[in-house]
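Per-chain residue numbering starts at 1, and chain names A, B, C and D are given in the order in which the chains are listed.
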Amino acid sequence: MTATAESTDLRFPIGKFDWNIKVSEADYPRLIAEIAATPGALRSAVAGLSRDQLETRYRPDGWTVKQVVHHVPDSHLNAYTRFKLALTENEPTIKPYEEDKWAELPDSQRVPIDVSLDLLDALHTRWVALLKAMDAADFNRAFVHPEHNRKFTLGQLLALYAWHGRHHVAHITSLRKREGW
Amino acid sequence: MTATAESTDLRFPIGKFDWNIKVSEADYPRLIAEIAATPGALRSAVAGLSRDQLETRYRPDGWTVKQVVHHVPDSHLNAYTRFKLALTENEPTIKPYEEDKWAELPDSQRVPIDVSLDLLDALHTRWVALLKAMDAADFNRAFVHPEHNRKFTLGQLLALYAWHGRHHVAHITSLRKREGW
Amino acid sequence: MTATAESTDLRFPIGKFDWNIKVSEADYPRLIAEIAATPGALRSAVAGLSRDQLETRYRPDGWTVKQVVHHVPDSHLNAYTRFKLALTENEPTIKPYEEDKWAELPDSQRVPIDVSLDLLDALHTRWVALLKAMDAADFNRAFVHPEHNRKFTLGQLLALYAWHGRHHVAHITSLRKREGW
Amino acid sequence: MTATAESTDLRFPIGKFDWNIKVSEADYPRLIAEIAATPGALRSAVAGLSRDQLETRYRPDGWTVKQVVHHVPDSHLNAYTRFKLALTENEPTIKPYEEDKWAELPDSQRVPIDVSLDLLDALHTRWVALLKAMDAADFNRAFVHPEHNRKFTLGQLLALYAWHGRHHVAHITSLRKREGW
């Protein structure tokens, strides 16, 4: 395995998201359960880390553990917003955001991670309540992503964010495993 | 005073926001302090209300107290997003949302208000940390609101949301005063 | 006014608790409302304070603002415990604790105040739910305080902690007023 | 296997706590990590459960899932108190509490589980900060448990509560496994 391949592995510990995934009604309960489990999993993943460990990059040139923790609610509040936009408007065009620049904003340096863990808990509680109340027609509602220049259904968005939570938790748990923390 | 005027009063207990307000650098600390104080003020405003009181409309045909509480973090996470978009992109056009339709989504019915109070606490902690790190040039950064068809600076957005928190808290405190709760 | 008197004022900004207070059934709703309002009031009281301001003593030789914030949930979880002990046992003798020594334990230095504000929110939500479910006979249940060498009823304890929350909030708000923060 | 044995299994899914366990300095970091991981593990264990599932007993005649969730912070705030008492007094006699009666108090019925998950998060954050600041001499400090009529060191108490969190999480995860939830 080459250094490049290894670096790819560190970046995608559970593999890349398959953008052409077919999501059907039978998958929704499991995917919702994964989104429901994300805040607890992230909280456990960072439990007991020291300040220095939180400032460690999960891979060379990657974000620090702290940046990962602050990124997850920033990302998921954009996802939550996309769900609500698609449920209340007819195929709206959503506003993307530049996640790497957001991760460098000063709140990510200054705020203790507890705050973002709490933010994620509360956000997911509302999000999961919404997801559980959605029927199949709701999951077929769509929005337009202007950078991908295509439509996504909420069923696909559900799969993306079930993956996304596990993806970032695995950044931290795989670092801890490698480091023996 | 006519019934119409009274109804206006109930809707705008602290008055309407002045969209032509001039905000200068000397105003920022006070406005940031108002945003910092909003989560505690909202929590105090609803403290001890019964389930029936939470289901009471703050004015005829208005939202229930519970809907008001769930609306505030939904609104403020959109505001937080607009700050981060304007800080990381060059005069981005933001995505408005239909707040009345969001207030009817099922999570606003199903989730206890504690969750939205916690969401607001955590969101404001990150937001205030960001605001305190911004300099005058940052507050002059702007975004385009496509429905108003004009630019707003982050200084103006700061004033809007300082008002917005006090506005909704006053919906609840004025209801409690009228009802003797 | 002498220095001693001034120092007394700073220590008791809302006055001392009257240990011989008579509390009757008509007082309970107001006292419960005061306990319900404490977490929001404390959160508002510290909103937007800088790290240096949090490390400032609220009076010469007194606790820092940060210590006050961490003290309140430590004190109130002891109070919550006393309510539950008196409700489930027959006039139990409770265990006092040495609050000044607790305030010097290392968690009060190391933990951000957000954590204690969240702890207080959650603790009071459970406590207030308990208080609202109590009838007059429950408030007449008693416990023995071995240092005061006397019985207290839960009605008296309710009055004490309604005062206690306002007392510590006033330490912080009166400091901010004096300092112009 | 007899019915009695099966019932024992459901009650002790990870086995009983060994009250004669020897705990040494080398064990503390792992035990602290287990206590740090408990709030995330409990949150994940209940993620996505319906109201009916929360009202299900984890075993015949046992507590409901909801009662288990509310019990954990009640128990751990007593444990946290015992740590602080033993650190600030000389072998104090602590006050036991009747956990089965506490579990029947009305707050356990009336309060959403989110509140107790938040309470546990915040409490463990303070507790773990305290534990990490303790040295070997601190863990050798002791308190007297009047019902067991013996001394326990804080090292032993640490082991007990590392076990206790995993014990109750396993009540819920083993129920979900049996029920296919």
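We take it that a residue touches a chain if its C-beta (ideal position, glycine included) is under 8 Å from a C-beta of that chain, and two chains touch if they have at least 3 such contacts.
Quick caveat: nothing in here was measured; it's all calculated off a predicted structure.
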item	value
Pair with more cross-chain C-beta pairs in contact, given A-C and A-B	A-B
Pair in C-D, B-C or A-C that repeats B-D, with over half of contact pairs matching by residue number	A-C
Distance-maximising chain from chain A - centres being C-alpha averages	C
Chain D against chain A, contact positions shared by both copies (same if over half, else different)	same
Interchain centroid distance [CA atoms averaged], chain A/chain B, Å	26
Inter-centroid spacing, chain D versus chain A (mean Cα positions, whole Å)	30
Separation of mean Cα positions, chain C and chain A [Å, integer]	39
Chain C: positions in contact with at least two other chains	114-115, 118, 121, 125
Chain A residues touching chain C - in the complex, by the definition given at the top	112, 114-115, 118
Residues of chain D touching chain C in the complex	70, 73-74, 77-78, 80-81, 84-85, 87-89, 92-95, 97-98, 101-102, 105-107, 110-111, 115-116, 118-119, 121-123, 125-127, 129-130, 133
Touching residues on chain C, where the partner in the complex is chain B	32-33, 36-37, 39-45, 47-48, 114, 117-118, 121, 125, 128, 132
